Structure formats: C-alpha cells, structure tokens
Amino acid sequence: MAIHTLKPTPEQYSYVFGGSKPLLSVKPGDIVEVSTEDCYGGRVNSPDDLPSEVVPFAELNPVSGPIEVEGAEVGDVLAVHFISIVPARPYAVSSTFPHFGALTPTHETSMLSAPLEERVWFYDIDLDSWTATFRARNSDYELSLPLDPMHGTVGVAPASGEVRLVVTPSTHGGNMDTPEVRAGTTLYLPVNVPGAMLSLGDGHARQGEGEVCGTGLESAMNSVIAVDVVKDGALSWPRLEDDEYIMSTGSVRPLEDAYRISQTDLIGWASELTGLDTLDAYQLVSQLGLAPAANVCDPNYTMLAKLPKWALKSAEAYGGVHRRLRAAAEDYSA
Amino acid sequence: MAIHTLKPTPEQYSYVFGGSKPLLSVKPGDIVEVSTEDCYGGRVNSPDDLPSEVVPFAELNPVSGPIEVEGAEVGDVLAVHFISIVPARPYAVSSTFPHFGALTPTHETSMLSAPLEERVWFYDIDLDSWTATFRARNSDYELSLPLDPMHGTVGVAPASGEVRLVVTPSTHGGNMDTPEVRAGTTLYLPVNVPGAMLSLGDGHARQGEGEVCGTGLESAMNSVIAVDVVKDGALSWPRLEDDEYIMSTGSVRPLEDAYRISQTDLIGWASELTGLDTLDAYQLVSQLGLAPAANVCDPNYTMLAKLPKWALKSAEAYGGVHRRLRAAAEDYSA
Amino acid sequence: MAIHTLKPTPEQYSYVFGGSKPLLSVKPGDIVEVSTEDCYGGRVNSPDDLPSEVVPFAELNPVSGPIEVEGAEVGDVLAVHFISIVPARPYAVSSTFPHFGALTPTHETSMLSAPLEERVWFYDIDLDSWTATFRARNSDYELSLPLDPMHGTVGVAPASGEVRLVVTPSTHGGNMDTPEVRAGTTLYLPVNVPGAMLSLGDGHARQGEGEVCGTGLESAMNSVIAVDVVKDGALSWPRLEDDEYIMSTGSVRPLEDAYRISQTDLIGWASELTGLDTLDAYQLVSQLGLAPAANVCDPNYTMLAKLPKWALKSAEAYGGVHRRLRAAAEDYSA
Amino acid sequence: MAIHTLKPTPEQYSYVFGGSKPLLSVKPGDIVEVSTEDCYGGRVNSPDDLPSEVVPFAELNPVSGPIEVEGAEVGDVLAVHFISIVPARPYAVSSTFPHFGALTPTHETSMLSAPLEERVWFYDIDLDSWTATFRARNSDYELSLPLDPMHGTVGVAPASGEVRLVVTPSTHGGNMDTPEVRAGTTLYLPVNVPGAMLSLGDGHARQGEGEVCGTGLESAMNSVIAVDVVKDGALSWPRLEDDEYIMSTGSVRPLEDAYRISQTDLIGWASELTGLDTLDAYQLVSQLGLAPAANVCDPNYTMLAKLPKWALKSAEAYGGVHRRLRAAAEDYSA
C-alpha cells in the first residue's frame, strides 16, 4: 500500500469525465491525499463577486484527476473509500446562480419569466468547533451549523467513449451531489475503461438534501481516499456503503425515474445479498428503505435508495471491501 | 376538553374527502379515540386472498370520519396531533397490486407490457416486543422489523366543493403516505369548509419512504388524536411538526414538482418564523433541509421538506400549538 | 329527435363536474342549442381589466349544464357531436394570468422567482370573413387569424362520486383544451352516472396546440350539439372522431404519461377495430400516428394520439355513430 | 459550389458526436451525396433476426460523418438543407427492442415488471408507388403506407469538448427523431467547434409522431444535402424551416420541459423576426403554434414547436438561407 499526493495546478483541473490522460497512477489498496478546488474555481472571494460574472461557464466545477487505478478492467467495480474530507479554507461560499437551482427557471425548465436574483453567502469555517456560520444577507440572523463535509462530484470515465461535462451525473457517477459521500463512506463506481480514471471535486462543507438553491457550502478540500478494485462486480449505477446502510443511486429526469432506478437497483442488490427473490426483496425494501433526494438542481436529478445493513443479516457487499477499507482508513489515521 | 370515541360500522366507512355528513362533532382541544380499518377493508385474511379479487375497487382505503370540528372556519388551520397509533390486529398485510406501485406499469404510467405479479405478505405483529415479522414467500428469510405505526391517509374536505377519492393526496391532505404521521406528530391541514371535516385511515404498522410497492404493513388501528384550531393560519399545503422538525408537503406529479412545492412552502414558513427574507431562507433550507420521499405510488406523489427546529431559534409555529397538544397528550396518557 | 335550448342564467353556471342537478334532460339522438360564457365569466371587458382582479378564482371557467341524457347508464359511452360552434360576441379575449401557463412558475411548478406579467389581448371577431384580428400590445403588429372555434371544456360527472373543478381534465373529460373539439367532431365520454350529466364551456375562437400562455381566444359561444348513447362501450379515457381520424386522449402529469395513456388507448382501440394483435397495432400506430399536445398548462396536461381512419379499412368505431350524427347534423343545418 | 460524395465503409461509421476526425471536408454552399446505414447497422436481414441478438449494443445507430464545413466557426449556425432522402433497399425494418420504447419499462423508466416482447416487421419499399407495405405478424392485415423519408439522427460536435452517444439528442442535435427532417427542410444547428463536424444517419422511410415503439421504418438511405453557414447566428437549440413553418426543438426529460424549451425558443425567434415584444410573441405563438411530439423513446425526449411563416409577414429567418438553399436544390435536381 502506497500513499500518493495529488495537488493539481490550476491548469491541470479538468471539466469533463472521460477522454483525459491520468494525472496520477495508483494501485488497488493505495491511498491518495488529494486537494480539490471549490465549484467556483476559487474565484468568488467576497460576497460581492457574483459567480456569473467572475467564473467562465466552462470553468465551473473543476475536478482533480483523473487518477488511473492499475489493473482496473472494464466490468470491474471501483471502490472509493473516503477517509477524510477537510475544508481547506477558513470560509465556504454559497450562492444562487441565474437559471440554476430547483426554484427558478433554468435551461431545462425553460420559462419566459425572470430568473431569481443572484446572491452570495460567505460562511466562516471553524475546524475546531467543526461548524460553519451562516449569516443572512438581509437581516441579522446568524446560525452556527455543524460541518458535514462531502464531495458533490466523484466519477470515472463513461462507457462507449463518451465524454461528459462534470456538471451532469449519470451512470459514471459525476455530480450526484449527495451528502452521503462523506468520510466513512465507500462509493462503488463501474469501471468503463482500463484504469477507471477517477476524478473528484465539488467539496461541500455541508449541504441539504436536494441542494435546492443549486449550491452547498462550496469549499476547497483536503481529502484522503483509499481505492480498491472488485473484479467482475458488474454495476449499472453508482452505489454507496457506510457502516449503517447500503445505498443505490439513480441520476436522470424526471425525479420519479431517478427514484425508480435507485429503487430497482437496491432491490436487485438486496436480492443478490439475501437470496430473496425479486418480489420478496421488493417487499422488504418497501418497508425498510429510505429515499432521500440528493440533487434536484443538476442536469440530471439524483435520488438515493437506502437499506439498513442489519436487514441483510450476515451478508456483505462485494466481499467485505467496505469493512477492509474502513480498517485501512483507521490504520492510516492512526 | 372532552374525550370522544369513533368506531365506524362497516357501512359508515367513507371513500371520499368532501361532501359527507359528519359522524362525530367535537370541539377544539378535544380528544378522539378512533378506530380505522386497513386499506383492504379487512378483506384480506390470508396470503391467498388476492386484493384485486377480494376487495371491490370502490371500497379500497376506507376512512373513519368525517369529524366536524366546531368553530373551524374557512381560512383557519386544523391541527391534528397523534397521541397514539396502535395496531388493532395481531397481523398486518402487505401486497403488490396489479397496475399499482412505482415499479410496474400503472393507470397513469400506462404501458403495453404486463404488470407485476400480485403477491400478499402477512406480518405477525407483536405489541410487546413492538415488532413485525417479515416472512419471505419464496425462501426461508425471516426478519423482525421495529414497528413505527402511522396513518397513510388523513385529510379534510377539499375547497371549492370538490369531492376527491381517498386515494389521491392533494392540498386537502389525503393519502400522503408519509411515515412522519406517527404518534408525537402534529399535522396541520387547511380548513376549507366550516367544521373542517377530518377523516383518517390507512394505518401502516411501518412503511419505507416512497412506499415503493404501493402498500405498507397495512393494519387496522386504534388511534388517539387531539384536534385544535389555529385561527387565520392560511395554509396552502399540509404541514407537519414534531419535536425535532417542521415539515412541509407537496403532492402532485411529476415528483420534482412535489419537491418544488414542499421546498417553496418550507422556505416561506421558515422566512415567516425567522424574519429571514425569502432568499436568505432559501439559503438556510438549502443547507439544512432534508427531503425524503413520502409516496411515489399514489395518483399524486408526495415529497416532504424538513427543517430542524433549532434553526428557528426561539420561534414557534402557530403559537406553540404543537407544544400544547404534546402536553395534553401526556395528560391523556397519564 | 327533439331540439332543445340551453341558455343558463348567470347563477346557473356551474364550476364543477359531478354532484349537480341537471338543467336539462334530453334523449339520445336529440339536439341541443347551447350558449356558453367565456372562461372569464364575461367579466373582462377591456384590455385594462386584469383577470386576476375582476374574476373571482372560484368563478373561472363556467360551464353550461349538466345535461342529463335519458337512458345513459354506467358503462355506456356518451357520444357528443359538435354541429356548430359560433362566437357569440364581436370580440374574443386572451390573457396571461399570474401563476398560470407553461412558461411561468405555477401552483404546481412552484418557484421562488416572480411570475410573468399579466397582460390582456382583445381580438376583433369577424364572422363574415371568419377571422380574428390579433393586435400586439407593445407594437403595431396586426395579424388576421382564421377562426377555428372549439370548446376547451366538455365533460361528464366523474366516477365514484367524485366532484372535480372544471379546470382539471381527467378520465371524465373536462378542461382538455384540445383544438380538435371543433364542429364536425364527435367526442366520446364514459358514462359514470345515470344520465351522464354533460356540461360544456370554455369556447375558444381558436387556440394553438398546448395553449402555452394558458388561454386561447376566449369567447362566449352559441353552439349546437347532438348527443347519442352507445351501449356497453366501456371507455377508460375520452376519445374523439372526425371524418379523417380516430383520436385518443390522456390527461395527467408528467406530459410523457399523458402521451403514454393516449398511445396505449389508441393502440387498444386500433387493435379492437382491425383485429390486429396488440404488438401489431403498436407497430401500426408507431408509423402512422400523430401526437399533438392539447394543453400543457392545466392541472393535468393533455396529449392526443391520432390515427387516420383509412388505416382501419372498413372498420367503424362504435357502430358508425359518428357517421350517423354527421348526417343528422347536416339535416339540422339544412 | 462542389458536389461531394460520402459513402462510409463499415469501419468508418461513427457512434458518437464529437471527438472524431472528419471523413470529408466541404465548403459552405457545397452539396454532399451521402449514404447512410440503417439503425441496426444492416444486420437485421429477416423477421427472425432479433436486434438484441444480432446487433452489438455499441453498434446501434451508425452515423455517416463527420463532415467538416470549412469556415464554420464557434457561434455560427450551420444550415443543412435536405434535397432528397431515398430508401436504398427494397425493404425497411421496424422492431420493438427490450427496454426501449415509450410503452415498456426502460433503462430510465426502470421497473421490475418484464419488458415487452421483441418483434420485427419487414416492410416492402416500392419507390415507384412511393409506398411501404405493412404486414401484421399475427394476422393477415396488410396496409400500404405512403413513404415520407427522413433522418432520425443529424447533429454536430457538442460544445465544451463533450462526446455524446448518437442515441441521445440534445443541444447539438443528434437523435431527435422528428419526421420534419425530410426533403425540403433546412435544419439549423449550432456550431460548437471549428468546422461544425456534421454527421447524419438513422433514416426512416416513415415514422409516426413520438416514435412510440422506438423505431420507424428503419432504412439505409441515399440522401443529398446542401450545407451553408450563417455567421453569428447564436443558436441555443436546433431549429428547422420548411416552406410553410419555422420550427424550434427541445430535447430533454420530462416531456413538458422539452415542450417548454421548444416553445420558449420559438417565442424568442418569432419575437426577433417580427419585432413583437416577448409577451406579444408569447400570445401569437399560443394561438397559432403547433406542438407535435418528435420522439418519446430516446434518452432525451424531443418536442417541436411550429409557427406558420405567414404569421411573420415578410420577415425571413437567417437572411433567407432556406429560400436560397431551396433554389440550389432545384438547380441540383434539374
């Protein structure tokens, strides 16, 4: 097991998944200390910097990578375990953005009425108290929020030679914007090209479910990940696992189809792990499953389907890779 | 404060919201001990009773009511606090149903392919251990699930003289099928006609988020509710409150519009309670809000938007009616 | 065959389908000369009358009826043939309306951004030249448009005791807002209650497909209809027939589900009329069918599916009732 | 003006838009005689060849191209005029396909129920009578259908370095599957990379609106196109023009958002051509516009918005390029 460092220079940031040369090559089991820029490319430095004015559209949401994982072959599963995700600056930034977010006309939900006002919020980040401070722009309201750092964008090269903008989540992962991609979680991604070609970015110091205004507490991050490869795992959509839950995702529109994909996938996964037939697994997930929104603002919406692991009894996903990576993470941190 | 009992006879059950004479009349602050039948009208008595064969379509999902709340006037808010919800039989029933559920063609998502198989599951209910036992139909898998009893259908007479089938949730409440309608929760409903005309039913011993197969652990219930009236509350959509969260709902299709309604409503409510302007409240909800699916199977889908009450500081919704009803519930139970 | 007249007084107009006493009782084969008010209740009398200010919400879209058709029984099909639809005033009115229309936030597609401006257009109606004159409000553009009068709202009492607002189209018909409901067309509606209880209104001197701004050239109408009853026709959704096409409708959200319903229904209908099996009928409709939007602004959206009648060879829908009503219409007009 | 020929060899066919070297380079005003393969890559040679068995998934829907148009710069508009589209074989093929089509569970509208049966239909193509003969598979029904040849897939390299599968229509065009891309139509596409990089394929001898089963009368084609470049045209979405209509497109899910995009675009276009302000143009399109479905089966759905050109009075789109290409087409054909 080796420990690598990936600190991209500004010109090394990438804005697509697929079609790029790797910045780093690692082996299954290796650990990577990776720094990521915020979704504004670090260009919003005060509440008066309007993102639509200071960030070129093509330079939104930079990702660090790709990281090539040696030996990962098409049809394998890439396991990405998040050991730690720590805000890199003493502030995080959030904003509305013209034609972006769930509650304003957008490029997809196109309307003739005017978009919502663009406004920027700065949050103080305090790593000691593990909080971020919300300050209202139009009143004196202040509130201290617990940090819950995560990466909004994590993905691999898409299948069939596609190259996709970082902003659009799909089967390759990407901009799913779920708060579940936090330290302690393992993300499973399909390997579509040799080496998988993992990239990540879009750190949020915290985020609500749905990311309704279009942004979280956007933050450059210092993160540590461990990667591993499960042979012949055959994955249709990204999955996640933490100590409590297995989780499936679906990223598409409309939102009920994202729900349908995530539920169908979770039912298949539960069936495979428990030996239940499909309808029995459907029944079990119907009564025990959770279904939070991840994002309802990106070009594809993301829903999660979660099942508590105690319902699986002794079954372990992917031969226990999450448990092993969790242990490796503890070794690293110790 | 009076304590009333409502035990409808079979022919007294109702299948619509609106247009009916009250079965009971109560005063604000009163308590009602109410029994409700399961969604199958109690007709599914063994795993071999297929619902589509033993339950007439027009007699699905009976509700108990309406209950007239004296003094409730158009424009008021009806507060319904759930003191207790207890399964009335030693078993609960769940099933698929032809053309119903999120993962099969339905009357709305109409397709040429065949619907999913109809299958029935019986769960043993044990009130002592507060569990239900899942038994797979096609394997030996058994699993003990914690009870989390709730009412899937609670609503009032709709506005403008409409009469709606119990199965369709909308602005008047109805079949929202959210697990949040549990003991300890206060549900706020708009008063559209004098007396509000509250009905409830569709008890579930528990349910996953989204109710993906179309049914929960369907169970006749013995429930106790307290009702109150908030004058001039002006509510567009049902809201909920428990000790931890305020919650807004939206019930419509597609699912992203249900999400939009619930988020817009929660942002407006948070703005009103905190004095934040709309965009500042949008920002706060974006970072702190939860967004679970309630149902993704009924004629309208329901999403919830939840905000932790600590974010409101000292503000209380509707003058603290939840807190007072909670206290009254403790008196009742003592 | 009798000829009846229905000219409701202002207080006789209805705002719901279902639950009302008939204004008129007719026999199958009878003709009714019916006058209908415009969707504004005749209250918008100049371009300065903003509908949201001069029309109470509960009095939008009045309909004339119900008309009881004697002998129509549950499970029959009501055939409504439009003999003529003639604008009753020398002008028609169109407008935007706050939170209504496809390209502005609405009560269903709820947003925080401001709704579109409310604006009213008056069109001169000239029955001699059979034209309406469009006059831009903010420039000198004028354009003469051909009249194509139609009724946006035609329906019967819903099933299962429901009472629905006139504005929401569904299985009982209602506010489908399709330009195909013009003179020469026969509309088939399910009979859900004895007597069917037909109501109609919402005349448009013309309308584009989708009714994107939310209104057509709203016009009081003098219309003549012939009604007939087909026994045991068993209809799930409203259908239409003119001399060229059979047409199915679906009214639901999202729009793809309205499309799915209309296509599924048309395929079933074509299969029944041609003896093709379902997949062969699917294939034929896939290659010959038309699929225009009707409305994309009402609480349910409506899509049409159309198949040219020559594809049916000699088969006739409902025993040729359209052909017979067409002949009766010619007798009446002669 | 030069006349070019493009007859790709099997290994030259492309399955993506973007990222490819041109097969041919032409100048604005040039004509290209291009042959295209059918969507099955010519591999379905009898009704017993099931597409899912004989066509590798990655080789569905080959396109001919890219064709580089010299001088086309980012921000220009590429005008592609279809001079003729003629079926190249004496038969066309249609089929259902597992998990594809509007009326069966798909990868996006994911369900647990079984997909629809896969079935293949062969149509005889007769160029003399300009007909295709439908033969039912499960009965004796035969029907002669008029040909109306079109290309389902026409597009350019996407913006921002994206590479997209041919099957997904979006802002770059692609698999829009509208019957309006027929001889006599000019298609306007945004130029996102120098040379535009035009590709086309997926010929249909005819197709219904919505392409509900997922395929048209799939046919290899011999087509002739003329290409031109409009400087600084700035196009958000593909547009079309024929002698009767200007047409906007939107390709996204859900279908109402495709409708919204197409309508918003058409209103903007009409406003620009007539000088009407946005709301006046909204009004005009609301009353005169047509809104047919193009496809409701591909990963993005496509709606069209059409406005009759007489409503524009003397205004001409893009300086009359359609009229000039129409004239050039007549010269070529003469």
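Order as written gives the chain letters A, B, C and D; numbering starts at 1 within each chain.
The rule is short, and it goes like this: contacts are C-beta pairs under 8 Å (C-beta built on N, C-alpha and C of every residue); 3 or more make two chains touch, one makes a residue touch a chain.
The structure presented is a predicted model; accordingly, all values stated were derived computationally and were not measured.
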Co-neighbours of chain D and chain B - touch as defined: A, C
Topological distance between chain B and chain C, in contact steps: 1
Between A-D and C-D, the pair with more C-beta contacts: C-D
Distance between the centres, which are taken as Cα means, of chain C and chain A, whole angstrom: 48
CA centroid of chain C to CA centroid of chain D, Å: 33
Mean-CA-position distance for chain D and chain A (Å): 35
Set of chain A residues in contact with two or more other chains: 103, 109-112, 116, 253-254, 260, 264, 267, 279, 282
Residue ranges of chain C in contact with chain B within the complex: 15-16, 18-19, 58, 108-112, 160-165, 250, 252-254, 257, 260-261, 264-265, 267, 278-279, 282
In the complex with chain B, residue positions of chain D that touch it: 103-105, 109-116, 254
In the complex, chain A residues that touch chain B: 94, 96, 102-103, 116-117, 119, 121, 134, 136-139, 141, 143, 145, 206-217, 253-256, 259-260, 263-264, 267, 274-277, 279-280, 282-293, 296, 301, 303, 311, 313
